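Next up: the structures, one after another.
Across the two complexes that follow, chain A remains constant while its partner is chain B and subsequently chain C.
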Partner chain A sequence: MTGPPPRARMIGSMPFPFHPAGDDPVPAAVRGFSRAHADLVELHEDPIHVVARHRAPGRRVGLVSGGGSGHEPLHAGFLGRGMLDAVAPGPVFTSPHNKAVLHASRAAAGPAGVIHVVKNYTGDRINFGIAAERLRMEGVDVGRVLVDDDLATDGLDTATGRRGTGATVVVEKILGAAADTGAGLDELTALGTDVAAASRSLAVASRAQTSARTGEPAFALDGELDYGVGIHGERARASIPRPPTEELVARMLDELVAGLPDGPDDCVLVVNGMGATTLLELYVLAELASAGLTERGLTRAGLLVGTFVPALDMAGFSLTLTRMQPSWKDHWAAPAETAAFPRRTEETR
Partner chain B sequence: MIDQDAVLDRFARAVEDGHGALTDLDQHSGDGDFGDNLRAGVRHAVGLAERGPRRGFAALGEVFLDEVGGTSGPLLGLLFTEIARALTTAHGATGASGPADDDLAALASGARAGLTAIQRVGEAEEGDRTLVDALAPAVAALGRDGYAAAATAAREGAERTAELTARHGRASYLGERAKGAQDPGAVGVALLFWTIATVAEPGADLPSPLPAAA
Partner chain C sequence: MTGPPPRARMIGSMPFPFHPAGDDPVPAAVRGFSRAHADLVELHEDPIHVVARHRAPGRRVGLVSGGGSGHEPLHAGFLGRGMLDAVAPGPVFTSPHNKAVLHASRAAAGPAGVIHVVKNYTGDRINFGIAAERLRMEGVDVGRVLVDDDLATDGLDTATGRRGTGATVVVEKILGAAADTGAGLDELTALGTDVAAASRSLAVASRAQTSARTGEPAFALDGELDYGVGIHGERARASIPRPPTEELVARMLDELVAGLPDGPDDCVLVVNGMGATTLLELYVLAELASAGLTERGLTRAGLLVGTFVPALDMAGFSLTLTRMQPSWKDHWAAPAETAAFPRRTEETR
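This part shows the complex of A and B:
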């Protein structure tokens, strides 16, 4: 024996144990997703984009989103009647090419145009922006809703602004239901922008996601929490000793409420897992955060619990609060026929 | 009369000649792939134009929008595409060239539309150390004073980027450290306007915007 055979070495070096040979999981995963939900979506390759099979007959504006992969079920899981019309998944943590966004948008565009729901990252802004310019050259009207809800990046001395994270699901849900009423491009763009502006999120990690380069956690936490972590494992400004869960939730809610612009007391609360946190824990967090809202004089217009915008296999969670205008509540409660959004919110029961 | 085939061929030669210098510049301020991306895109566009029916700027536009990686490649694709559209509007889809004044006006309006699109997408202003620092003065000079003036304005704009601090793109991570060398995207734009001028006015003796390779 002169050492392990090459094949064993290759498998041993794969940072994620169940990635396919070659180690790019995205094309195979998108095919698998499309096969599993063939009643809802249709896969297109070269460039990869996924298109919803059904849309409300009254919808005049197509809704398109996309971004780096590693945040599943975002965005393909929200394809379907009541939410998105097409998505462009990029490589892991990397913006899709403008060509994929262009093809998704062509497939989704309605008679009154198409809206891009874009999380605020430079690569996504540029690639969706180039696709939007190309669509305009083709005579398609394009609107953009930028989601920038991450409180941890608020007020940093930078021109890039807050990151887009968990509120993306709230924006896509409300915008989708509003689009089904036949609303036009400008009205929907303004609505989506308002929903994003009324939303703030905060995320904590107890263990970093696995690095695709080393197979180890992307950063070490040594029993502490990264408080204000990003969905690509961007480090927070501070790590903190682990407080009791009740104290952690209270601190996060205090900061979210302080960071939100003024608005109605009625809030949607999203308790989102970062990839490796159990539902058992997420429901504990939902119960604590729900009670915390009441203690702060806020009412709950909706509660969404699950893993919707993770960072690969990071252990942690995020809380999102959206101050709900009265006219948004029906949109939140409307059914969504998608792979990942619970068809009925608690209010529709 | 602007011969689009000649522009593409001459630009391809200029990019081959400039590959080393552009790579040096990008290794100074970016991730070093700008020379490779530009050369690969131009080579691909030459092949596409030979197969037809797209020629010149339309071939460049399609390749740089669809195939070229990074961000400056697709942004240049918007410029090529807007120029192609303006020339097509002026002369029809055949690519036949009309009177010289029409060409200059069409090129100027296409380049202006390209600049507008690039700024809308990239959110860069003049002075941010991007390709806009070469493109904006070139667009202004082209409509006013013609091809040679645009080439000179682009070259001087690119030269000024050596003294600027980046706010966008990878060079922004380096801050002051990127100073001293020109922005490679701006030099690429200057090379394009130099190429257009040497094709449109063969008598003009314009200095190349390429710095000597290190």
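This part shows the complex of A and C:
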């Protein structure tokens, strides 16, 4: 039963157990995605960008996102009516080239222009920025919505500011439904910016994602939790002994609520898996966090549970809270015809 | 930064990093699930069963499934119009009590009775069987569809026969759409049995699910693949050195095609994650397997990619092929309003 010693096969900067030999996994993966969802999307390969086949007739502004791969279903899984019009997936954990963003934006642009939904990382800001300059030279109006929700990076003395993580899905959902109403570029840019500003996320890891060099977890946790981990495995400022889950969720909620700007008590809650954490656990966490909202005098305008913005195969989860303005609720509840957003977001309580 | 040594907290027979202290995770998880999808399902707690809120007006036969937990989104994720009417989730990797199946069946039964979709394991057969006897005594007609698709257990000298795994989703989808047409009990029982008989699955693991006793993988693979692993971590007859992914997929397809009974060349292909395998990899595998079908003279009637029947947080994947009779295709393509089945299954090719 024993064979030769295993060799980690390197793809880009990450080893995957299952990938085509000698290839970057991203091109094959986007082909597979586009084949499985050919009713929803169309793949363009040079440079790689994926375009939604259908958009609401009234949509005047195209919505584009993208970023490094390894966070699937983000972003291509949110292509379709009610959400995004085109995405530019980069290599694993690496910003897409500005040419890919440019091509995606050209495909997506509506009569009133295009909005870039950009997670706040230096590479993404630069590449979306270069594409935006090119688009403006071509006469396309461009807005930018920067998503910077990661509370773990709040107050750090960096030029970049907070990282963009789980709130991206909330921004894309609300912005998509608003775009379908025929809103213009400035209005949508302001809306998306407001949604991002009303959102904070916090992530913990119990096991790091698989490392490129070793095939083992990228960092050792020895039974502790990385409290405030990033979606590329950026280490938290603190690893902590594993508390009882109730205490962990309570601590995360306390910090999220304290970190949120003032606003309505009505919140969307996202319980997001970081990759390898089971749905069984995520639904337990959702139940604890829902009760925790009530205890804090907050109401729940929506609850989204699943693996939406993972860090490859990291074990862990994030919580996102968005304080919802009343006018956003219909956008949250509107149907989205995408590969990955759940069929409905409405709920009875 | 270092704290006291970590302790694995035991829940039922499994340790989970994130669960409520002292509780079995399943009750909290089904509450969280039912809260997140309150538009779709209603939870009943004693005994635990979950019931779909909506069913097609013409449906005359209720569809019930269930089984041990740890395979989420199976089965509750497939509750709703076009698929299941009620489910009985058991403890992790343990059959539900027959009383839970009985209650689920009473809630689901239509004027022409109820069908039990049962994965082929001894405990499930016994508990669904006891419930069926009780139901018949109550005057409810009961059919059973046994799903036994796991090729790795074909030809084993056991009384139980092949295990039920990934094809469960295909059976539930086709049977659900057929039930919505108003078909009767015998017709649906025969259809479900035919779909199961036309299906074979094969699973590989690159890392075992987390073990109860150690918090480590339940079995060591040392870089090899468990070729033919079960969805509860049942070891394969062989672990093999890790082949290039193209060779692995080709071998699996060869064996699946050889193991399938004769039938149409048109197939549904399911690429299913075992828990911790990234969507990035699953879509790569989907692309390789789709090409492999074409090379073997088969056509693709449908392609489903995602984590649908995992084994907790096992890393690995399964392939399922179902030879599709022409009359099944509309059922496969019909919309399903559930938490976990993708919005559409149609595809252009």
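Definition applied: the second predicted complex is superposed on the first by the 331 of 349 C-alpha atoms of A that agree within 3 Å, B and C clash if a C-alpha of one lies under 4 Å from a C-alpha of the other, contacts with A are read in each partner's own complex, and residues count from 1 in each chain.
In this text, a residue touches a chain if its C-beta (ideal position, glycine included) is under 8 Å from a C-beta of that chain, and two chains touch if they have at least 3 such contacts.
Since this is a predicted model, take the numbers as computed values, not measurements.
Trainee: In the superposed arrangement, which partner chain does A:40 touch: chain B (first), chain C (second), both, or neither?
Mentor: In the superposition, A:40 touches chain C alone.
Trainee: Which partner reaches more residues of chain A, chain B or chain C?
Mentor: Here the partner covering more residues of chain A is C.
Trainee: Tell me which partner A:137 touches in the superposition: chain B (first), chain C (second), both or neither.
Mentor: A:137 sits against chain B, while chain C stays out of touch.
Trainee: So, A:18: does it touch chain B (first), chain C (second), both, or neither?
Mentor: second
Trainee: Inside the complex, what are the residues of chain A that reach chain B?
Mentor: 97-99, 122-123, 125-127, 129-130, 132-134, 137, 159
Trainee: Touching residues of chain B toward chain A in the complex: what are they?
Mentor: Interface residues on chain B, with respect to chain A: 65-66, 69, 71, 74-75, 77-78, 81-82, 85, 117, 120-123, 167-168.
Trainee: Which part of chain C faces chain A closely enough to touch in the complex?
Mentor: Residues of chain C touching chain A: 1-7, 16-21, 25-26, 28-33, 35-40, 69-70, 72-73, 77, 92, 206, 215, 222-224, 238-242, 244-246, 248, 275-288, 290, 303-305, 307, 310, 312-313, 315-317, 337-339, 342-344, 346-349.
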